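Here the structure comes first, spelled out in structure tokens, and everything after it is commentary.
Order as written gives the chain letters A, B and C; numbering starts at 1 within each chain.
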Amino acid sequence: MGLQIDAFAYANRLSRLHPAYKAGCSLLALCACLVLDRPLASVIVLVLMLALTTVWAGVPWRAVAKLLFAEGSFLLAGVLGIALTVSPSPTPGSVSVGGMWVGVSAQSLAQAVAVFLRALGSVAALNFLALTTPVPDLLEWLRRLRVPEVLVELMGLIYRFTFVLLDSLGHMTLAHEVRLGFASQRATLRSAALIGANLFIQAFRRSQRLEVALRSRAWNGSLRVLPWQDAPRPQR
Amino acid sequence: MTRRHVFQVSLTLLVLLGLSAQPALAKPPQMHIMEGFLPPLWAALWFAVALPFWVIGIVQIQRLTREKPEARLLLGLAGAFAFVLSALKLPSVTGSCSHPTGTGLGAILFGPFISSVLGGIVLLFQALLLAHGGLTTLGANAVSMGIVGPIAGWLVWRGLRSRLNEGVVVFLAAALANLLTYVVTSGQLAVAHPDPAGGVAASFAKFGAIFALTQIPLAISEGLLTVLIFRALRQNAPAELRALGVQEA
Amino acid sequence: MKLTFRDVHVAYPGRETPALIGVNIEIAAGQRVALVGRNGSGKSTLILTANGILRPQQGAVMLDGQPVQYDRRGLAALRRCVGVVFQDPDDQLFTANVYQDLSLGPLNLGLSQAEARQRVLQAAEQCGLSHLLDRPTHSLSGGEKARAAIAGVLAMTPRFLFVDELLHHLDPWVRREVLRLLCDLASAGCAVVLATHDWALVRTWAQHVIWLEAGRIFRQGHPSAVLTGPECPDLEGAPC
């Protein structure tokens, strides 16, 4: 079980570019969206970031669109809370809910649209970063920015172990699937609990095996490795 | 805009929402606040709230890894576990798992400060690898999901463990952590986007009502799930639990 | 160089029967050794003892006739010479990419960054990983992960390499590649000790066999002498 976004991060045209450029691009766009807070600016940022992701970085537009659509649908639910107004007296088009009048006003609707566009632009900017930048590059960059070493190291371990555990989770899910572990809602809950517990136990035992493996490599307490930037990068 | 106009637009909005319900129900919105949803000032404020917890947590991690260098492996796996739990297959009525179970376990094992750091890292990776949440909203999400929720769960666990049946305590801890996460997030959205007429209170009611749909069943199933996980751990891995410092009740 | 076990007893805490009982072995430079025996017979325990992770309660592990000192410096010296590749590569790959993982061991040995980099490139070359150095660890195939795990140990230039049931997940083609690598290592003077259940391989590959049963040495010697008689599972006829 892989993570699609992560796979694109390694396999796009910009993956070798220094992360500072991509993060800078993305953060600048984010700031533009948030600080200007104008629908027009948001739309421009949205289009620009989508173009950067698909044309410059070469991420397939289908993947980008699918991601944006999923995020847009999450956003709609949130924006609904802004679009609706609640007032003690009836307003045009409002309905009564428990003594209050719930409706939509032109003002609230405009605001909802503005927030929706702003968030969509920001999300596109974030997607650009996520889809073009391998996490190890980002971590190396954070290290250079003097983010505390323990934190960067822990992030690296979490990133690495995430994939190991995702693998285990995939295998265990399959093993329950073939024994009809997800045939009913009840069974699903039970299977989920068993898998969760098993995953936790596996994680703990793995931490012990990892420790043995570390010590066998003359470990002295720090997880020092060579800077990633110096790695030879063969042309493929 | 005329009245009719407003009606049409809201109808369109509802249809759109209906369309989006299909993917949204397959994977109902977690309580992550999406990127760009908070104005800059509020985003910064929530970072400021989270910061002290992170600082204390990082100092504690530094101390822990100096005393027990191998602890970082367990920390790394605990963080990865919290992340991976969100990919666990759950009954479809409640959809995907949020991570109070993971961070809650982290809080029980390492205390609230270290688990707030783990929660922050997990949220960063969720933003970068799953497109859940965002960078500017990381502070707000960290407060609701990585700090308030787990601390509430941890307090319930600490306070009631010796008085009630363990299963009940675990259920309460997990369900409460989940509900508080939801309440805090609704509050964060409400103060950032107050209702033009009814103010923050009305806005809180609106966001609360919208998310109640998915979050209350989620809290219950998360509570049940955590109980079952905990029971399985007690049965299958008592030695491991003891090694991790989770004593018998 | 020689690695010797003299009358080694190892017991896990809380276990009544020791996992190794009176084990005497001697491994010489460049030797190809196979370590065989049932599950739970003590193969992994022997490997961990050779590397100093486990300390014998009785008897001694000796490097060139000198008993190993179980303090910081003694263990560092032992681990510089004795490398271990474990069964599951995911248990020993720590970093998100191959390059950084290979550098962990050399840096632990206190080498400078330039020297460590040199070692990394060399080990990668040896294991045919040069084109994969910048790949994320989680995107490697099983065979590539196995080779990365071996390279992580080779970067420390061990004189004795213990490989614990690594081959079992690998397909015959990849297995062959890994075996060829292990043969090359042995010809270059590094002793290779392979814990395995593959008897056909043991018969053709090994120069010396150590056969454990319930923590004791059952037999040891040249395969042609040791792997005979009704105890050998591969000499029985077809199972059905």
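Keep in mind that, in the parts below, contacts are C-beta pairs under 8 Å (C-beta built on N, C-alpha and C of every residue); 3 or more make two chains touch, one makes a residue touch a chain.
Bear in mind that the values here come from a model prediction, so they are computed numbers and not experimental data.
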Highest-count interface - the chain pair sharing the most C-beta contacts: A-B
By mean Cα position, the chain sitting nearest the middle: A
Inter-centroid spacing, subunit B versus subunit A (mean Cα positions, whole Å): 15
Inter-centroid spacing, subunit C versus subunit B (mean Cα positions, whole Å): 44
Intercentroid distance (Cα basis), subunit C paired with subunit A, Å: 40
Sequence positions of subunit B contacting 2 or more other chains: none
Sites on subunit A at which at least two other chains make contact: 6, 135, 157, 159-160, 164, 206, 210, 214, 219, 223
Subunit C residues touching subunit A - in the complex, by the definition given at the top: 48, 51, 53, 75-76, 79-80, 83-84, 86, 88, 90-97, 99-101, 103-105, 107-109, 113, 116-117, 120-121, 130-131, 133-139, 152-153, 156
Contact footprint of subunit B on subunit A as seen in their complex: 1, 3, 5-6, 27, 30, 33-35, 37, 67, 69-78, 80-88, 92-93, 100, 104-109, 111-112, 115, 118-123, 125-127, 129-130, 135, 138, 148, 150-151, 153-155, 157-162, 164-166, 169, 173, 182, 185, 188-201, 203-207, 210-211, 214, 219, 221-223
Subunit A partner contacts - residues on subunit B that touch it in the complex: 1, 3, 5-7, 9-10, 13, 16-17, 19-21, 23-24, 27, 29, 32-37, 39-40, 43, 58, 61-62, 65, 69-70, 72-81, 83-85, 87-93, 97, 101, 105, 117-118, 121-122, 124-125, 127-131, 134-136, 189, 193, 195-198, 202-203, 205-207, 210-211, 221, 224-225, 227-233, 236-237, 240, 243-244
Touch list for subunit A against partner subunit C, complex: 2, 6-7, 10, 134-136, 139, 156-157, 159-160, 163-164, 167, 206, 209-210, 212-220, 223-228, 230-234, 236
